[in-house]
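I'd like to ask some things about the structure below.
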Amino acid sequence: MKNILEVKDLHTSFFTHLGEVKAVNGVSFAVGPGEVIGIVGESGSGKSVTSLSIINLLPFPGKIVGGSILFAGKELINLPEKEMQKIRGNEISIIFQDPMTSLNPVFTVGNQIMEPLVRHRGLSRDEARQKAIEMLAMVGIPSPEKRINQYPHEFSGGMRQRVMIAMALCCRPKLLIADEPTTALDVTIQAQIIELMKDLRDKTGTSIILITHDLGVVAEVCSRVIVMYAGSIIEQGNRRDIFYRPRHPYTRGLLRSVPGIRAKQKERLKPIDGQPPDLLNTAAGCPFYPRCEHAMLICAEERPSYTEFSSAHKAACWLYHPLAPRVERSI
Amino acid sequence: MEKLPVFGISPDKFKPLPAGIKETIKSTRQGETYWQDARRRLKQNKLAMLGLYTIIFIILLAIFGPVFSPYSYSDQFLDKQGLGPCKEFWFGTDTLGRDLFVRVLYGARISLAVGFVASLINLTVGVIYGGIAGLAGGKVDNIMMRIVDIFYSIPLILYVILLMVLIGPGLKSIFIALGLVYWMDMARIVRAQVLSLKEQEFVMAARVLGADSKRILFRHLIPNCIGPIIITISMNIPMAIFTEAFLSFLGLGVAVPMASWGVLASDALPAIRSYPHILFFPAMAISITMLAFNFLGDGLRDALDPRLRK
Amino acid sequence: MNREEILVEVSHLKKYFASRPGFFRKRQTVVKAVDDVSFQIHRGETLGLVGESGCGKTTVGRTIIRLYPATAGKIVYAGLDITNFTEKQMFPLRKKIQMIFQDPYASLNARMTVGDIIGEPLDIHGIAAGRQRKEMIMELLNKVGLSPEHASRYPHEFSGGQRQRIGIARAMAVEPEFIICDEPLSALDVSIQAQVVNLLEDLQSKLGLTYLFIAHDLSMVKHISNRIGVMYLGKLVELASSNDLYQNPLHPYTRALLSAIPVPDPDTADQKQRIILEGDVPSPINPPEGCRFRTRCRHARTGCGESTPEMKEVEPGHFVACYLAHDGYSG
């Protein structure tokens, strides 16, 4: 099957007065049709910048420096803004973390859902309204005929996120990018949204890129997982590869630092030492080596290339070089 | 299965990294303090820098200019009345034969003194009044701010005329009039800042540590208001200077033979048809000073206002 | 150390926030942020307090430490009724009770150096000055895993985790015995959370500290707490030892909350039957009559709306406020 999205060697930098911040540093991945792919990483890992690069909505002073983004066979980098607008909200939709600020407070929810339908799909107002009600019902908003005339402030956080999802899906996009869609929500509301995303995944066949820092959310929804650190993909693979056979020391560390909810005995947590990377002072070599327990001389000097463990599973780590010492698997 | 990476790397490279190397990697991130950032942004603003240099130049002239001038502001040359600008008298002389240049310099002294007094009142009365109102909140705040509202509703001219009656015209009554008025903007701005800052966690942390109100106000709240305070001062100084010029122009300010810019402009009026240059130079001095302060004020606002930061 | 010694006793604590009647709105609205909450904290233990946003957990902490005056009820600290203490009477207790805050960015004064931030409690209580003060600051920095040269820097030079360490050092400066941790992890990256948890645990075991640990992340609370209280809409609904609470949750809300946590384990995630709560948390201005959870509870009966269920000890040490649980229902 042909991929919906192919990102190749993407470089995005922010040019600040302190110097160039390499937020995304050579990222390549592909998303197949109907696939739900998770991008996990901590703050500063470049996961959000990657998604903003795809839809060309980088905030100042961010700029794509190199690489290619192929969407349905079309190159998105350097596409004129006019063309991009036709794709954005129509073929690629994005939902953001904060449902409070993503909706315009002076328009009714109905108006905001109908707008892209009228503009991109050429529907009449009545048709668009009908469709909007349908969409609200699909994302589980009770009595949508009534709610459609209400303003965003009349919705709770969870409900607003549902409205955002309805808005994102109303033009039947080929690709949905969800940037931390549940981070601002409470646990029980997060559970509602997770169930809704699973439901949509099965019903609509839209490809989804789910960006999150929460490993739990990824384990529940995604079929494939990309782990990012300091602007690079350090490991990617199928869900079971990442959670049961993680190869990169960072992925392992991440999984180890979450306490097991079912652990009966109180065990001491095993955190990853050190601080998140400072992207302004990227050293040569592997971005993770300053925090890595297995760091070797080579790690500080040269960036590791990917080692493939199966067709889908690969990690960038010097430990898998034939000359490297065997490190006992500790997970 | 495993794709082999490039060989030809010395096996020694795969020895563990000595612990010391990791430690030497910077443990804190690079960053600028608030002031470094503000200075950089101000420097990028050419107009603001022009304003700043102009103000420094005016201050230096006001302080040292009269010292090097061969004339004093009251020296009269009865044979040289109403001269135009020439080598001897750079700005010419007025209708009484006094050197206009040195009189404009003296005017600058008065204007700057007025600006200085206004900012002093701003800094003391305004900041502390607003700070206390904001920190106390509730009823105290309500009463304090209504008092400000009442003061605001009385026109400045009324104060000045009353003061003239009581004390008589002169610099003293101008300072008192400014003192009565020029703290209110600052009080309002500081109060609004303090109201929002006091709910922040660092203030709660100070309270939990047992810090008293004085400490919270002076160590925590006011230092975090410095940006808006500087912006307000830089906007209020030119207003005060202009107010003085305006009052003096109306004859409510500094008395002759003292020379403030307002007095100079007002003196020039009767002879404006024959000697327009006598009005031109003090008017130019007022305009340049106002523009310089306004450019600097705008630049400071852009540099210090956190909402405009990226 | 006597484990059974009660250090903090909160009984029937109420905290209402009243909005002042405005010019246009004559009627006063009252938000019942904390409504009749009772619990005890034993010396040397960690009591966890969990619940979703708006449940009143943060207000409980701030009322105990007298940032807010209590509306009604009693707070007893080490045998002393501090409910109506003046600021002057509280002063000596400020050395005993300390707090760690949620937001590592807002909780440090940006205009002070790290040394002055940590030194402030020493100045306020006249603990040390001059050379001695300097030495104590160094020692405190050391204690929380920072290095002495950090004292002259400003907070913005540090990452979130390091800032949280500075906040901990500030609280430790007065050598407190009881620390209220108000969501100290929620703003931190996953790999950093574990570092801070370990630090808190180390300090506790070394110094015999008592914690009230407020959080919304149930897995971390479970890890750090001996006992856990669950709050919903201003009320404590269940209180039990952390193992009991997770093995045998009795309140329907606790069950829903536990099942809502996303687990970073694909196999469990796939098999899990999630209890999805319908709707949103009702407004604390006008909470439901009787049991506050009944509007979202799938087991609600007619009796639930008539009177408010009391906290009852159904098993040794396991308290729950639910009529069904009182009657011994399960499943």
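For reference, chains read A, B and C in written order, and residue numbers begin at 1 within each chain.
Following the convention adopted for this analysis, a contact is a pair of C-beta atoms (placed from the backbone, for glycine too) under 8 Å apart; a residue touches a chain by one contact, two chains touch by 3 or more.
Everything numeric in this text was worked out from a predicted model, so none of it was measured.
K.L.:
By mean C-alpha position, what chain is farthest away from chain C?
P.N.:
Comparing chain centres, B lies farthest from chain C.
K.L.:
Just the chain pair, please, that has the highest number of C-beta contacts.
P.N.:
Chains joined by the most C-beta contact pairs: A-C.
K.L.:
Compute the distance, rounded to whole Å, between the mean C-alpha positions of chain B and chain C.
P.N.:
It comes to 46 Å between the two C-alpha centres.
K.L.:
At what distance in angstrom does the C-alpha mean of chain B lie from that of chain A?
P.N.:
Using C-alpha averages as centres, the distance is 48 Å.
K.L.:
Provide the C-alpha centroid distance between chain A and chain C, rounded to the nearest whole angstrom.
P.N.:
31
K.L.:
What residues in chain B touch two or more of the other chains?
P.N.:
Residues 27, 29-31 of chain B each touch two or more of the other chains.
K.L.:
Where in chain C do residues touch two or more of the other chains?
P.N.:
159, 162
K.L.:
Residues of chain A touching 2+ other chains?
P.N.:
Chain A, residues with two or more chain partners: 275.
K.L.:
In their shared complex, at which residues does chain C touch chain A?
P.N.:
Residues 52-53, 159-162, 189-195, 197-198, 201, 216, 218-220, 222-223, 243, 246, 256-257, 259-266, 269, 274, 276-277, 280-281.
K.L.:
Using the touch rule from the top, collect the residues of chain B that touch chain C in their complex.
P.N.:
27-31, 33-34, 200-202, 204-212, 215, 219-220, 223-224, 226
K.L.:
Touching chain B in the complex: which residues of chain C?
P.N.:
Residues 62, 65, 67, 87, 90-91, 94-95, 97-99, 101-103, 106-112, 120-121, 124-125, 147, 150, 153-154, 156-159, 162, 167, 170, 174 of chain C touch chain B in their complex.
K.L.:
Which chain B residues qualify as touching chain A in the complex?
P.N.:
Listed in rising order, the residues of chain B that touch chain A are 1-7, 9, 11-17, 21-22, 25-27, 29-32, 40, 310.
K.L.:
Can you tell me which positions in chain A touch chain C when the two form their complex?
P.N.:
42-43, 156-159, 186-192, 194-195, 213-220, 239-240, 243-244, 253-255, 257-259, 261-264, 266, 268-273, 275-276
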